[in-house]
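As written, the chains take the letters A, B, C and D, and residue 1 is the first residue of each chain.
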Amino acid sequence: MFAALAPTFPSDPAVACLWLIPALPLLAAGLTAVLGRPRRRTAAGLAIGSMVLAFLLSCAAFAHVLQGAGQGEVMRLTFNFRWFQFGDTWLQLGWVLDPLTAVMLVMVSFVGLLIFIYSLGYMAHDENFTRFFCFLALFAAAMLGVIIANSLLLLFICWELVGLTSYLLIGFWYHKPSAAAAAKKAFITTRIGDLAFLLGMVWLYSRSGTLLFYDAGHGCLDSAGLSPSTAIALLIFCGAIGKSGQLPLHVWLPDAMEGPTPVSALIHAATMVAAGVFLVARVFPLMDATALTVVTWVGTLTALFAASVAVAQTDIKRILAWSTVSQLGFMMIGLGTGGVAVGMFHLLTHAFFKALLFLGAGSVIHGCHEEQDIRRLGGLRRSMPVTFATYAAGMAALSGFPLVTSGFWSKDEILHAAHGWSVSHWPFYFGLGAAFLTAFYMTRQVCYVFFGQYRLAPVMAPHTAAGQGSHPPAAPAPHESPRAMVIPLMILAGFALGLGVLGTPAWPWISAFLEGHAAPSSLDHLLNSDTLRLMGISSLAALGGIGIGYWVYGRRPSVRPDEVDPLVRVQPEVFALLQRQFFVDEIYEWSFVAFHAWWARLCDRLDTWIWETAVQALAYAVIGLSWVDRVLDEYVVNAGFDKGCQGLTEGGQAMSRFQNGRVQRYLRVLALAMAGLILFLLWGCGAS
Amino acid sequence: MMDQLFVVLKHWLVALAAPGWQPILAAAISIAAIIGAFASLFAVTTILERKGLGRMQNRYGPNRVGPFGLLQPLADGVKSLTKEDLVPAAADRWVFFLAPLVLVVPAFLALSVVPMGRNMTAVALDAGVLFFFAVGAATELSVFMAGWSSRNKYSLLGAMRAIAQMVSYEVPLILSAVTAVMMAGSLSTDEIVAAQAGYHHGLPNWFVLTPWGLAGFLLFLVCAMAESNRSPFDLPEGESEIIAGYYIEYSGFKFALFFLGEYIGMFAASGMAITLFLGGWHAPFPFLTWVPSYGWFFAKLLALIGLFIWVRGTLPRLRMDQLMNLAWKFMLPMALMNIAVAGLWHFSAPGAARWAACALLIAGAYLVLGRALFTGAHLGRRVYRYAE
Amino acid sequence: MPTLHCYLLLAALLFAIGLAGALTRRNAILVLIGIELMLNAANLNFIAFWRFGPHPEVLTGVLFVIFAIAVAAAEAAVGLALIIAIHRHYKTAHVDQMDALRG
Amino acid sequence: MTLAALIFALVAAVILGGAVAAMAFRNLVHSALALAVSLAGLAAGYLSLHAQFVGFAQILVYVGAVAILILFAILLTRGDEPGGQALFSPGFLTGAGIALAVFAVLARVILASRLVSAEIPLAPAPSVREIGQRMMSEDALPLEVIGLLLTVALIGAAILALREKPPG
């Protein structure tokens, strides 16, 4: 696709083939779009096949980068081409291959692949199977495009595509009003951020004259690029806020859970929401101190806020959504305080274990007939053991169980960076609090879902009977999910636990890789005092959260769905506040939405009373004129014209009287003429 | 002396008359001679034909009147002269009456340009061959008149058939004659005959002894048969189909005239064939030159008539589409090819090579056209549109 | 002794007869016949002028007539074919009924 | 009354008689035959003018071909015409008058013309050979054109006379 436009094709095969990675899913999406609805196997085959190829190519690219790693500076291969010309300047697009891209590529394509496979099982009974896979493939293409983009414009294009697919997938079950509303909400909310993003981009272009990140020393991120600028950075960060659901634009993310669970896992946990973080990481050189401070504080508040809200939620997926928000806040803290490496490390680990958790939740929902309320679930430890084991691993990773989980190490990195932050210590303390709360609500959730006994009434609640997809109200006994869903769970669990080794203080490979120098492996980094102290503190917070959570919910699991939450007995108002998510939605409702409604009504009045009258007057004037014109036409022009035509017609008829196809008449005229001619000649001769 | 007998006789007779009337007398004498000679030849031919056909069909033929039935023609003549002359009530009298004359007169006229011996051409015209064909064209008119005037659908059909056939075969007839004209470089029959004089190591210089000459002769002969409505081209008077064709209604003397006209036409065609290809009145071999020239001419004429009779007794009648296909798809291209070959012959050096080349060309054309003619596709639907 | 005038007058008369026929007869074929007569009148004129002209040895007149005859033959063929086609279509051979071109 | 004058009188009589008959007969076939007679007379006239070749060509072409053609055309077109129709087209008197006028004018011109050559040049005897040479040398181009014309006319006539296809 791009290569066709390339004036000089890059010699490096890795870069040359880079465009294939998004192109393949795009092709799959296109082909699937023209497929008929019943062609399920073809659609799935196309999507998954394209994803497999993309994954292999990503691995190849990753290996290519890995070879070049470790020589002091970051290895960065770019390829730019001209898209179109306005005035005398060419607008250039391009793609880049550097450690950041490589890592993200591998992560996204791998998680995406697993989730595709998972969807085989989860969506097996949906009649819009093909459409679903078409959207998924399109999303994957767009996401990969975001990753490899070397131009802010190309990134923005793919970014919007991502937003579009997110909208389509949240509203996938559009027959549910809540789903449609959620999709609209997500779309509009992210638009707000994207508007700021666009402004920042335009401003950046006006400043630097190019939107390429890296262009042999002329890109806006190159060392020779323009100096960091607070305003532009913040505007672009607004885009990130919108996408990754930071305060104050977080409201769409919990509602986005209306979409199918694989979608939640892929888009709203692993990849798309991480795109914001990735964007900040990508444009990190543009960020100056002020911008980074803003990023840090936004992240901090989001982390704490979302974690506290998550404590009081009862919908299994909403809890995970809120935790996603808070984890994204953690990533922002990491970016703001510790730089790209820290944030990206948590992004990677989080992608894996959060995807794991969502898929586990999906498995639970799938097994319990679309039941999402944790108070009605319970005791699934026995009925779906694999799900339980993997879910427990994910939960441990999320709540940062010391040493054995990847979440522990990445979060520890962030806390470490926050602690070392020169500006303020509050992010550190808030982060600790958020970590504690994370552990607490995860424990609460696990206790509700997997311990105790099964509380779901044999008779289904109405809102579930009207449940998604084409599920028949089967026997209430929960069952383990099919293999297509279980195997990805296990793989992800493995990564969720083991991925941490890439970023331990003893061997910080990931940061080294991202910054492009060899990773120093030395145990004393791990063993020096304050590292240990921080590790201790964070593990204390995690273990404390787990412990208290178990003390509150695990000792005596609730037996009936309508049993009140233990916390309500302690602090009803606070709990209510948390349950209502600090009334943010309501505030927005009363402020912005109301204002908009009022404004719209005002415009409507304006339209009706002022503009319309003006238009009406004008219209009447024109009508009058045309009437005059018509009269003129009919009684003046037409009459004269008709007269002329009539005259012509009569003349023609008079002429045509001679033209009576009688050959002999013609012959007679001829003969007479000949005689006349001869006589004329004769007299002519006589005269001469 | 023997050779020029008749010429001298004529001159002597003419010399008797007054100068002013001499040309007219000369013309009258030659006309009388031609009429007498060919009328008697007609009588001979009829008996010859009837007996010959009888032999070919395992019967005796006429054998009652006179010795061996030799006086049969006389009897026929008397009979037809004394017979009642019927004219159909609805017939168009004048045309009906004129038709036989229009047939007979041009036939005799045509004979007048044929050289029957040394200096024995009745009317030595500069454009003799052209004249021959021109007057031959009048026969079609007479046939039409006969068929149309006697208000009989069979006769009309016969006339139509005959005219279609004649018109079709006139083209190859003339074209095949053109070769001889080309070679002789003249339209005058005398010069054509003169061009075939002399001998060339033992053989006469007749055109028929050259490839194009042979082909032209055969073409001319076939076309002559068709022109004179003789079997196998006797569709116009096919008894089994349309009784007697265009002269059903004729009887008595008019019928005899038609009969006469047909035979005279045949004689004329044979005479022209002899003139064009068979060396006219020239003797076939040098040592036979003592035989009078008219002797040779009439010998050849009788031979050709014998051939005509033989063919008539042998071949079955053609179908109409076959007839037309033969004319337009075989004879005409063949004649054109023949003209081309004659040109080649004329402009290439004498020798065996020329001979072989021309023979090969003609043989090739013959094979190709013959094959094309007899692939069944051409023997299929008949496209015959006059009797709509 | 017939002179040029005689032949010219004869030709003129023939022409007039043909013209009269072409002008008055209804049947298209007869109109064609009249036209043929006129043509032949012209031919006769050519021959007469050639014969009585100052240079009879120059054969232009004769050749002209020969060509004229050829052309006339073609003309007759095509004309008759036209008449037959028209008759087949309009079921008439009368020129006063063939007026489809009237204005 | 010399022989030549007699011949001319005969020829003229045949020509004019034939022509008038051809134009006046009610029966089309009679007209065609009369035409043939008239043309044959014309051929005789050519002969009397020492144009042998032309005369024979005239007979060959007109009597042999054109007359037959006309007869066929008559038989083909006369199939379905009710008898007793008007012989002449409407207003034929004017036509005849016009023809008469034309003849008068022509005669006036001829008689008024001054090309009265008292002495008749002695009869030339154009041999066919000369005509042929002339045709092949100077008039080669017209000859070719005539050949082309005849071919075209042949094909065209064949196509015209073909049966009409039923529409569609």
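In this text, a contact is a pair of C-beta atoms (placed from the backbone, for glycine too) under 8 Å apart; a residue touches a chain by one contact, two chains touch by 3 or more.
Just so we're clear, the structure is a prediction, and the values are computed from it rather than from any experiment.
**Q** Looking at the contacts, which chains touch chain B and chain C alike?
**A** Output, common partners of chain B and chain C: D.
**Q** With contacts counted as defined, which of the two, B-D or A-D, has more C-beta pairs across the interface?
**A** Ranking B-D and A-D by C-beta contacts puts B-D first.
**Q** Find the geometric centre of each of chain B and chain D from their Cα atoms only, then give the gap between the two centres in Å, rounded to an integer.
**A** Centre-to-centre distance between chain B and chain D: 29 Å.
**Q** Averaging only over C-alpha atoms, locate the centres of chain A and chain B and give their separation in whole Å.
**A** Each chain reduced to its C-alpha mean, chain A and chain B end up 107 Å apart.
**Q** Report the inter-centroid distance (CA atoms only) between chain A and chain D in whole Å.
**A** Taking the mean C-alpha position of each chain, the two centres sit 99 Å apart.
**Q** Just give me the whole-number Å value for how far the CA centre of chain A lies from that of chain C.
**A** Using C-alpha averages as centres, the distance is 96 Å.
**Q** Tell me, which residues of chain D touch at least two other chains?
**A** Within chain D, residues 53, 57, 65, 72, 76, 89, 95, 98-99, 102, 106 contact more than one other chain.
**Q** Residues of chain A that touch two or more other chains: which are they?
**A** As it turns out, chain A has residues touching two or more other chains at 664, 668, 671.
**Q** Please output the residue numbers of chain C that touch at least 2 other chains, ranges allowed.
**A** Residue numbers touching two or more other chains: 19, 23-24, 95-96.
**Q** Can you work out from the touch definition every pair of chains that touches here?
**A** Listed in label order, the chain pairs in contact are A-C, A-D, B-D, C-D.
**Q** Under the touch definition given earlier, write down the residues of chain D that touch chain B in their complex.
**A** Touch list, chain D to chain B: 27, 29-30, 33, 36, 52-53, 56-57, 59-60, 63-65, 67-68, 71-72, 75-76, 79, 125, 127-129.
**Q** Once bound in the complex, which stretches of chain B touch chain D?
**A** 92, 95, 125-127, 130-131, 133-138, 140-141, 144-145, 148, 160, 163, 167, 170, 185-188, 386, 388
**Q** Quick check: in the complex, which residue numbers of chain C touch chain A?
**A** Touch list, chain C to chain A: 19, 22-24, 31, 95-96, 98-103.
**Q** In their complex, what parts of chain A are in touch with chain C?
**A** 655-664, 667-668, 671
**Q** Which bits of chain A are touching chain D when the two form their complex?
**A** Listed in rising order, the residues are 664, 668, 671-672, 674-675, 678-679, 682.
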